[in-house]
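These notes open a run of structures that come right after.
Okay, so chain A shows up in both of these, paired with chain B first and chain C after.
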Partner chain A sequence: MITTATPEWLLQPEVALCPCGCIGRRRKANFVDKTLQNAGGLLLRTMFAEDAATRDGLLQRCDARAKLAGGAVLLLAAALVHDVRVLVVLYLLTLAVAVASKLGAKFFVQRVWLFVPLFTGIVVLPATLNVITPGRIVVPLGTWFGYHLGVTSQGASSAAVIVVRVATSISLVVLLTLTTRFADLLTGLRALRVPRLFVLVFSMAYRYVFVLLATVDDMYTARKARAVLDTRNTKRGRQFVAASAGALFGRAHALSDEVHHAMLARGFRGEARSLRVARVSANDVVVVLVAVVVSIVALGGDRVLR
Partner chain B sequence: MHIPDGYLSPATCATFGGAMVPVWATAGRKVKRVVRSRYVPLVAIGAAYSFLVMMFNVPIPDGTTAHAVGAVLIACLLGPWAAVVAVSVALFIQALFFGDGGVLAYGANAFNMAFVMPFVGYGVYRLASRRLSLTSPRRALAAGMGAYVGLNAAALCAAIEFGVQPDLFRSANGTPLYAPFHLSQTVPTMLFAHLTVAGAVEAVLTFGVIAYLQRANVPILRINHRGVAETDAELTRAPLGWRWALIGIATMVVLTPLGLLAPGRAFGEDRARDLNAGKYGLRVVPAGLARYNGFWEHTVLRSYGFGAGSHPAVAYLLSAVVGIVAVSALVLGVYGLSRTLSRRNARELA
Partner chain C sequence: MSCVDTVMELRSVSYQYLGRFPALDGVSFTVGRGERVALLGANGCGKSTVLKVLDGLVFPDRGSYDAFAVPVTEDALEDDQFVTAFRSRVGFVFQNSDAQVFSPTVREEVAFGPLQMGLDSPDVERRVDDVLAMLEIAHLADRAPHQLSGGQKKRVAVASVLVMNPEVLLFDEPTAALDPRAQQWLVALIAELHASGKTIIIATHDLDRLEAIADRCIVFSEDHELVADGPTRAILDDVALLQRVNLVHDHAHVHAQEPAHRHLHGRGHHQLAG
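== the complex of A and B ==
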């Protein structure tokens, strides 16, 4: 169970919104429930991330710019390493840092492995066979229609590398986003010479995702309240989805007009300005240096083991 | 279709990231020039909308649901350049905050879904909606068609990006270092999924939204359709131009020398003995083929060549010219004859 500073009753799943069907009769969620679940899940994850970022952990104490730069270096290193042992060590390192940052090992493992690395594992499973990756067969699977089938060592090691690499890359990104508050991340992006206009658009987009999300939630909750029976009329359902997406666009456009007027009233002339000046501290240098050293050791180890 | 980190080599990621830089720069400049200081709120809220469209669950007949990307929808509503920026920002939020799509692979994801998809889809939409009024039902169909083609183009790009990995990046003993499947496996798999379910969902949502806005909020459609007549009655029909037909034919004429590069021969085209029947498990040449092959020998440029077989390239091109002239003369003759006959009919009726 995820723990947050949000009141417990807000996080209690309702009968209709329970994803696993543990309350009441289990049934397949329809499109209304699923969209509501997605909207709720999005809010929950965001609230949790903001909560986690304010804890007193190792990475929370580091500056956003240093984490961004260090994370990028480590992501690149993980992409360049080809030995599964080195990747496993890198993954375990991220796990250790997650624990030191008070994210909880169990939660962190669940958050990372569900669902992309698991999905990747299933997808690359056929690639272990000699049909797709030819090589030395280590696990023969018999003869099928006159063709010798088996798991090759090349295929198995390739599959292992890709799964662990995907997990390590996701761990690095999750570490960054769970330990950094959104406002700090924006400052970090600005300090790393990302164009100011992009940062402004990005920050506004992120903020208005939640404003529009409330509209979506209202529309779908109203729809759910009006539906007495779960009729599963897919054609009407699709019409409703299209109409709600269309209505949402109308509202979004009206909102952008209002926001524009509000910005003009506050003196906006089409250029982004910021008052904060980014300064580099000794701590930031240490964080980046640690990331660079770990990357060099990983790449060196990869070369030695290869 | 969101590619996570680890599937593509850093070189591939860098290539696509580099390819997207001029696209983003151009998109930023173009959109800013059109909407000026409205740029920031319009694009930002467009991006937020794009992010949420990817969250809408569309019901499909088997009782499950699927979600759309919506890039072509945004291209139809705000124009393709605005779609590039909006979808790119939405993908960035997804990659950074929700782990959907990689950070290193961001350039490749943006290339597929924020560049190829809106441009291909919007191109199809524009072609299919020429000479249609703003509220014409066929315009909504054109948008659906564009969405279908755009999504499949993006899926094809993603499949190619995956598929080249094992050939380009493998270790000395043949271990693939990144995505392990070859082009021959990735392209059919990705296209099967997208040509059937995902493409249909994308088309249905895009069609549905445009059809809804045609009924409920036409001014919104005006944002990207200035000067388009609102109803069929207001439409001024220009005569169908010959230009496009001529451009198509001219392209084919320019491409004729490609035939010189084509290896081999068509299946038993010239002589029955060219037909390697044994290859197909046949013992004899079919009787009809043997009898009627070579039935007419009195040709000028036999097999698109001179009788002696000299100067094959010149003979091939000469054959092309003769063919084009002959076909054009025939078409013009039939056209002239039909014009004359219809004029005579009109006179007689008068």
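== the complex of A and C ==
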């Protein structure tokens, strides 16, 4: 039998709160809150956006296996080339392919150059100085404890090689991921003899990022819906983050148990099996050949120019 | 019921999670071929655990479980031949479709089971196409699970089990979190599957749809014991029993506009007989 004893206070309005909100003081949203919200939103938008992969562009018409193989060859070539001019040509080529694949030059350049400073900035900047790379100073930076500090031409050219190489490599990867649906990418990995179990784990990790992301979003929204006090209180914020992380870990663990049961229930015994992959077409071979020829020309050009 | 007609039999099964949280206490029942059985009880009474035991996903601490007249134990399920036969004969539709739908696309999800059973790729592809068409989700074949609604995910989960053509289908709270239209579709599908000879076992506390999905009810108490087993109508008419197992409460009232139309307030809005 269910009995309900409603406490008296629950039957009264909260007199301390003015319904029109006139006694309130406006506060700007917490920086961490906004960052969390935007980061979550960005991740969702990025991962949901498979529209680029479905456009009728040059690379979208190619098979994922050919793109994977061709991309790997070109990545290797970019890693072996040492002449900045050759690297610049390779980079411009990726830009041209991006445009031909209807990705939009501005969008593509932004996507690539967002990561370049992140990956290379910390490494490259000190290497341009005469402290690390001795040579002819082209940009003097003054005197530091009696030592002349400046950017050397040798340091700058080494840095340029690294920066353009990273930009080219990232461009190749971005080209591949933007023009290929994730499921096709996995099929391509399987066709290239990547162990099936690895592909299975990779695909499931990708799959459940969405589920856990939705959980984080729910927890955050639930907290926000009840947050009356100043959410900028850092101690409270830290407590929330710690509690959320713990709760999320627990849910992830429970979910992993359920998923494992669901796999066992359909006969999984540790060996991943998958649908057969379609045969390689002549177009796919051409894509790989083009990548190989471009790589050979780039490496040859590098040898001639150095 | 003869031995041949019995597809599943639990004998005095007890189970505790982590060795200290009881989920089942001395549960015994049999399920006959072609039966349509509902496992009924309040939240946390052990319904889902029974389904997991029936599917050989957890094993009793005490008591025993036979399926198709063969003991189902951890050892038995390590046998390749037995596990393949058992998994292809018993299908389990989980309550949480997100846990069940784990592949990158709907097509691969539905193909997962038959591939594990060792079917050839052409056979698997034919079955997948057939079952996607049957459940009217062929247009979703290349979609990723995160692009599906709750109802669509449930259809994919059902398809991923049906494609293996199991004799026994276990459903855990199948209508939970579905909109009325999706619920109606699922109820109709269960009826259709039953009519085609499948044995159906459903864990639920949805009293509204009970008669539409089950002919027999096995009721569990909050003490994790089996307290009743009988025809659905008889169970629904036993208000005292339903109150005792916390499926309805005693706030029965008469609607002002419909004086003769009495209701019990339970988890659904169950109409009383008479």
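As a convention for this text, the second predicted complex is superposed on the first by the 236 of 306 C-alpha atoms of A that agree within 3 Å, B and C clash if a C-alpha of one lies under 4 Å from a C-alpha of the other, contacts with A are read in each partner's own complex, and residues count from 1 in each chain.
We adopt the following convention: contacts are C-beta pairs under 8 Å (C-beta built on N, C-alpha and C of every residue); 3 or more make two chains touch, one makes a residue touch a chain.
All values reported here derive from a predicted model rather than from experimental measurement.
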Superposition on chain A - do chain B and chain C clash or fit:
fit
Using the superposition on chain A described above, determine whether A:Leu299 touches chain B (first), chain C (second), both, or neither.
neither
By the touch definition at the top of the document, which applies to A:Leu186: first (chain B), second (chain C), both, or neither?
second
Determine, under the contact definition given at the top, whether A:Arg269 touches first (chain B), second (chain C), both, or neither.
both
If you tally the residues of chain A touched by each partner, is the higher count for chain B or for chain C?
B
Of the partners chain B and chain C, which touch A:Met204 in the superposed model: first, second, both, neither?
both
Using the touch definition from the top, say if A:Leu58 reaches chain B (first), chain C (second), both or neither.
neither
Is A:Leu76 contacted by the first partner chain B, the second partner chain C, both or neither?
first
I'd like to know which partner A:Val174 touches here: chain B for first, chain C for second, both or neither.
first
One more residue to check, A:Leu255. First (chain B), second (chain C), both or neither?
both
Smallest separation of CA atoms, chain C relative to chain B, angstrom
8
Which parts of chain A are in contact with chain B and also with chain C?
204, 206, 208, 211, 255, 259, 263-264, 268-269
Per the touch rule, the chain C residues reaching chain A in their complex are 52, 55, 57, 80, 83-84, 87-88, 90-92, 94, 96, 98-100, 102-105, 107-108, 111-113, 115-117, 121, 124-125, 142, 144-147, 160-161, 164, 243, 249-251
Over in the complex, which chain A residues touch chain C? Could you list them?
1-2, 47-48, 50, 182-183, 186, 203-204, 206-208, 210-211, 255, 258-259, 261-269, 273-276
Footprint of chain B on chain A - complex, ascending:
28, 30-31, 34-35, 38-39, 42, 45-46, 49, 72, 75-76, 78-80, 82, 116, 120, 124, 127, 132-135, 154-155, 157-159, 161-162, 165-166, 168-170, 173-174, 176-177, 185, 197-198, 200-202, 204-206, 208-209, 211-213, 216, 232, 234, 237-239, 241-250, 252-253, 255-257, 259-260, 263-264, 268-270, 272, 306
Touching residues of chain B toward chain A in the complex: what are they?
4-7, 9-10, 13, 28, 32, 36-49, 51-53, 55-61, 63-65, 70, 73, 77, 85, 89-90, 92-93, 95-99, 102-104, 166, 171, 173-182, 185, 204-205, 207-213, 216-217, 220, 223
